[in-house]
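What follows is a group of structures, each given as structure tokens.
There are two complexes below, and they share subunit A, which is joined by subunit B in the first and by subunit C in the second.
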Partner chain A sequence: MSETLRMLTLHNGGARPVQEVPTLDWQQFRSVILNSVASGAHVAAMFGHVPDGKDCVEIFAVLADRESGQIHVAKSTISENAYPSLTIDCPQVHLFEREIAEQYELLPEGHPWLKPVRFVKSHRSNHGTSKRPLIGVTDFYRVEGEEVHEVAVGPVHAGVIEPGHFRFQCHGEQVFHLEISLGYQHRGVESKLMGGPNKRTIHYMETLSGDATVGHTTAYCQSIEALAGCKVPARAQVLRGVALELERLANHTGDLGALSGDVGFLPTASYCGRLRGDFLNMTALLCGSRLGRALVRPGGIVYDLDESRAKELLNRLETTMRDVTNAVDLLWNSSSTMSRFEETGKLSLETCEQLGIVGPAARACGLECDVRNDFPAGIFRMSHIPVSTAVTGDVFARAYVRWLEIQRSADFVREQLQALVGGTIKTTLGELAGEKIVVSLVEGWRGQICHVAMTDPRGHIARYKVVDPSFYNWMGLALAMRNQQISDFPLCNKSFNLSYCGHDL
Partner chain B sequence: MFGILLSRWRQGHRTISFPSGQPTLPDRFRGLPVIDQSKCPSGCRECAEVCPTDAISFDAKGLQLDLGRCIFCSDCVQACPEKAITFTPEFRLATRNREDLILNEHELRLADALDEKIRRLFGRSLKLRQVSAGGCAGCEVEVNVLSTVVFDLGRFGIQVVASPRHADGLLITGPVTQNMLLALQKTYDATPTPKIVIAVGACAISGGPYIDHPEAHNGADSVLPVDLYIPGCPPHPLTILDGLLRLLGRIEASAGHKSSK
Partner chain C sequence: MLISQIIVHVVLLLVMPPLLLGVIGKTKALFGGRVGPPLFQAFFDLIKLFQKGSVISSTTTWVFRAGPVVGLATAILAGLFIPFGGHASPVSFSGDLILFAYLFALGRFFTASAALDTGSAFEGMGAAREVTFSCLAEPALFFGFLVLAKLSGSLSLTAMLDGPMPNSWGAAGASLVLVAASLFIVLLVENSRIPFDDPNTHLELTMIHEVMVLDHSGPALGMILYGAAMKLFVMCALLLRIVAPFDSGNIWVDWGIFAVGMLALAMVIGVVESIMARFKLTFVPTFLVAACLLSAFGIILLLR
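Let's turn to the complex of A and B:
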């Protein structure tokens, strides 16, 4: 408790003056992070920022305390080119420290595995010898020994899927270690958000991770609306929630189909492939786009749901859910499928907490974490969706959690559509306040989406940090592969189904 | 086993009859934009100013809209004081040439088939390798969907294969990020000739929302020769399917459609 007193407390989607973020010296900063994490907080973000006109870097830490629903922020100023790494004591920050090293040329001394994250030039162009590293050219962890061999896959993969590089250290079929090297999808979004918002900003948000459009646009709007002090109409909040759950329904259903396909159980694979499309078409009924493009906008949403449309949506939800139930039941009743799902790609609760894993992958290990429940915003303040968990942390658990969530999301959508609140769907945003900070969390279908926005004195974006759920979770996939058969990689990979572009930005 | 058979019966036959039947699209679907220049107040540039990808420009002939840049966001529709721009449900949008995507007073010239010689090779069996080069997973989702029972791409002899060595061409999504440039080039080189390249989505055609980013190139044809352009953000699966079938001469190149009144 005393630790959190030293930090600024925020609520999800609530803005405060940037000046209120306390600047701690590194020892204090280190101890607030370590102590908060020890008492269960999640490192939602840690990022660098160069204050205007200064030659130092500030490191911000955003700690999300699920217990209290509060978000704590503190920062520390680094004027040297190095600082003592926290990773050994707090593995949750391992990738954040690597990211800061890459973007701001700050060396986390003692980091156990310091390598590029996205293979890009640093944000501090006028600083040091900022050369662009060659993508994928770096040291990889190697296991030496007789009969140990290395398998390298990617960046271009066999399926219709984004690029990434995977290196396995194997002994026969058995995987000792998997290292995942990304960055191929890097489009340079984060630096383009500076100075905004402008006419492209919302479209960047829609395509940060294009299958989580509603999740990311909602997170963005929540942050920008807080900065502008804009109150979003209740009806818009409801429809955002409906769209978010439709996104979850589509992707979870698609994932269950793909998991079945990966073990060769084709009935569920082909039914769910079609049913996922039916959910996408429901989103298109709402906004014309199957992926929820041009729907969520600052101040509300663009398309209303008239009565007949709401009825049509309800009807479609019923028939689709009936078929999904039928298709997924087949899966649980197929013993050959279950024997492939069970005990495969296990992640322990302990590892999951250490790494700060989020979303269905974390809930599958028994961790009760869900932004909709822990940091409710928008409609989720009024309507509660129970958190779905499992215990075994294997492929089966990740599949089963998805199935539980499908049912609960369908219940939520049904409930909302049956008693749709009236009123307008959009209000004007207004000017953004200057020198404010806001943290916005949304439970996307992959897990926690975290956006942090800071404005300069004129109300322009001075720093915008995006943390896609995949950023927290890729390491989870790597560890879940330990001591697995390499032939189970596609199955394990699918059970996480992480985003490459969401990570690479 | 009985359960599986029963559910097979319950789930029914789901493959659409396209291209013989007319597909149903949602009423809010944004297909081909139509511009009515007669409504434009003189000197008005509202649409061009809000367009996130600078798809709209003005020259002596008036307003031009580049479908290759357009992300179908409808920001221009909302900005226009006279409702001069509307989106129609027309989903057929693919062209063979980049210039054909620039809409002014001409009809959109839809893609015609490959040359007879190449069509003889690929017409009944086209194997494609998909490369995502900075795609956001949007276009990838809609390409993937073509392999579901709904569209059943296989019935046209088109298949997405696992290796460029087995492929007749590449289907590229994404603006071609700097970090994917080499891998894309290598994949292209590994594909046996003759080969074709298909650019799917605004990013792969022009860079889309990432136009002129230092970390990305402005689409596939900035690095490779492109044979088919399929616009959209992402394109509807039917737009992609229609484009592929036109390229193979499975849909007659007859009709173009009016993009402007």
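Let's turn to the complex of A and C:
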């Protein structure tokens, strides 16, 4: 408890003055992080920030304590060009440290695998050469020996999917090690957000990861609304929740179909492909866009749902859910499919906790983590969705957790639409307060979406940090592939179904 | 009369194979609740491919270009040895079953060599898988032939499958059931069908046969697809004669029975593909050993 006293405590979507974030020396900072993580906290974000007009870097750590539902923030100032790495003692920060090293030219001394994350040029213009390194050109882990061979896949893939490079060290069909190298989709979103919000900001947010539009936009709006001190009407909160769950329904259904497609089980693959479209069309009924674009805006939502459309939505939900149940039952009842799913791509609970895996992938290992339950905001304060977990941590568990979540999300949408609260759907936002910090968490369909916003004295964005669930989870996929058959990689990959552009930003 | 029979045989061999792919596709679409590609899609694909140009990597040698040609040539040749329905095959001699089996092996050797010639990690992996599984499928095929040879007292495919087949079911039905089951597995493996391989997947890491031909394009790819369809057709013809040895007495009615039987067999393959997922790759050898055992027990039943 004494450790958390040394940090600033926040609630999901609650703003506090930036000055209240305590500045710790590295030793204290280190022990605060290690102790919190040891007692179960999740490193939701760790990022660098250059204070105005100074030649040092502040490293912020955002720790999410699932038990108390509190978020703790602390920072440490680094004026040298290096600091002792935390990764060995706290693997959760491994990718954050690599990201900071790349963006701010700070060397985490003792980091076991220091490599570029996105191959970007340094954010510190007055430092070094600041040339963007050649993407994908780096050292890869190599296994040497007779009969060991290397398989390189991508960045251009056979399907119409995003680019990413995968390098396997194999012994025959068995995978010893998989290394994933991304960054091909880097757009520089975080730096474009500085000085905002402006007209473009919301569109960046909607396309951080296109299939999680509602999730990311809700996280953004939550943080902007907190900075402006604006109260969102209840009806808007409900409809945001409905849109978020429809997004989850569409993507989970699509994933179950794609999983069966990957093992060549056609009935579920083709039915779920269509049913995903039906869920997308329900989102379109809500706002005119199948991907939920132009629905969620700071201050509320843009389109109201009148009674006849609410009824139509409920009807469509019933018929679609009946079809989904049939299609997915086919999957569970097919023994040849189950033999492919079970025992494939296992991730242990320990690995999961060490790496800070989130979302369905973590819940499939038995980790009870769900932002809707642990850090409820908006409608989820009023209406609770049970956390869906499984125990085995294999492809089957990840598929099964999705199915549980489909059912529970459908129940939630049904419940909300049957008794829709009245009132307005939008309030005016007002000016953003200066020198504030806010952490906003949302359970997107892939898992925890974390946005951290800080404002300068004039109320403009001084630093905006986005952590997509994929950022936490890619390493989980790499470890799940150890000692698996290389032919099972597409199946494992699909069972995580991570975003490339959400990671690359 | 003989010439007309040979002409019918050759025409069927050249024209019908892509139709089987169409029937399989339609059956799968039906199970998936889709309309599916047209019945003649494989023909359209072939026509399209043969009109295209080819891209050939500068790192490859003549082996890469020989692969598709040899693959197609061996399939056509093998098709001349197998009797369709109750009709004698155009070419036959004592011991032609050995040549029949190794014509496919020759085609496979060149396909795998062409794959290795590209130097791609994927294609090497595919070649390794294909060769491993084929050498397990080979004994199953030969044990099956052994049963048929014992029943007919001949080592020629025509003599084995033509005359005695209808009577053999009465004499050694149990053996033939085992052989038919074993040959059906061999048929699915050799033609890269689900549950052993997925001809429609786009995931290179899971492919067996398809990954070996990723670098071929245009007419070369057309030859590969055509050769693969023909191989499927020839092996279906072999299996069909064993499971449905009907002779009506009228030679033209027999051709009709054969054609309908082939389409029905394609539908059966389509049904199997629709209701099953692919096996784990490590499970495929186990299944092939089971196929060998089925055929071997077929022999034991004959010898008792």
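Everything below uses one rule, namely that the second predicted complex is superposed on the first by the 505 of 505 C-alpha atoms of A that agree within 3 Å, B and C clash if a C-alpha of one lies under 4 Å from a C-alpha of the other, contacts with A are read in each partner's own complex, and residues count from 1 in each chain.
FYI, contacts are C-beta pairs under 8 Å (C-beta built on N, C-alpha and C of every residue); 3 or more make two chains touch, one makes a residue touch a chain.
Worth saying up front: this structure is predicted, and the values here are computed from it rather than measured.
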Subject >> Clash or fit (per the criteria above) of subunit B with subunit C on subunit A >> reply: fit
Original post:
Given the touch rule stated above, what does A:488 touch, subunit B (first), subunit C (second), both, or neither?
Top reply: second
Original post:
On subunit A, which partner's contacts cover more residues, subunit B's or subunit C's?
Top reply: B
**OP:** Report for A:75: first if it touches subunit B alone, second if subunit C alone, otherwise both or neither.
**Re:** neither
Original post:
If you stack the two complexes on chain A, which partner ends up touching A:208: first (subunit B), second (subunit C), both, or neither?
Top reply: first
**OP:** Could you tell me if A:270 is touching subunit B, subunit C, both of them or neither one (first, second, both, neither)?
**Re:** both
**OP:** Check the residue A:153 against both partner chains and state whether it touches subunit B (first), subunit C (second), both, or neither.
**Re:** second
Original post:
A:346 contacts which: subunit B (first), subunit C (second), both, neither?
Top reply: neither
Subject >> subunit C, subunit A and subunit B - angle at the middle CA centre, rounded to the nearest 10 degrees >> reply: 60
**OP:** Name the contact category of A:290: first (subunit B only), second (subunit C only), both, or neither.
**Re:** first
Subject >> Which superposed partner A:337 touches (first subunit B, second subunit C, both, neither) >> reply: second
Original post:
In the superposed arrangement, which partner chain does A:281 touch: subunit B (first), subunit C (second), both, or neither?
Top reply: first
Original post:
Rounded to a whole Å, what is the shortest Cα gap between subunit B and subunit C in the overlaid structures?
Top reply: 5
**OP:** Could you give the residue numbers on subunit A that contact subunit B in one complex and subunit C in the other?
**Re:** 158-159, 267, 270-271, 274
Original post:
Inside the complex, what are the residues of subunit C that reach subunit A?
Top reply: 28, 31-34, 121-122, 124-125, 128, 194-195, 198, 200-206, 273-283
**OP:** Show which residues of subunit B lie in contact with subunit A when the two form their complex.
**Re:** 3-4, 7-8, 10-11, 14, 26-30, 50-53, 71-75, 87, 129-145, 147-150, 160, 162-164, 174-175, 177-180, 182-183, 187, 208-210, 213-216, 233-234, 236
Original post:
Of all residues in subunit A, which touch subunit C in the complex?
Top reply: 149-153, 158-159, 172-173, 260, 262-267, 269-271, 274, 334, 336-337, 339-340, 344, 485-491
Original post:
Where on subunit A is subunit B touching in the complex?
Top reply: 118-120, 135, 155-156, 158-163, 183-188, 192, 199-200, 202-204, 207-211, 213, 267, 270-271, 273-274, 277, 280-281, 284-291, 293-294, 302-303, 323, 326-327, 329-330, 333, 499-501, 504
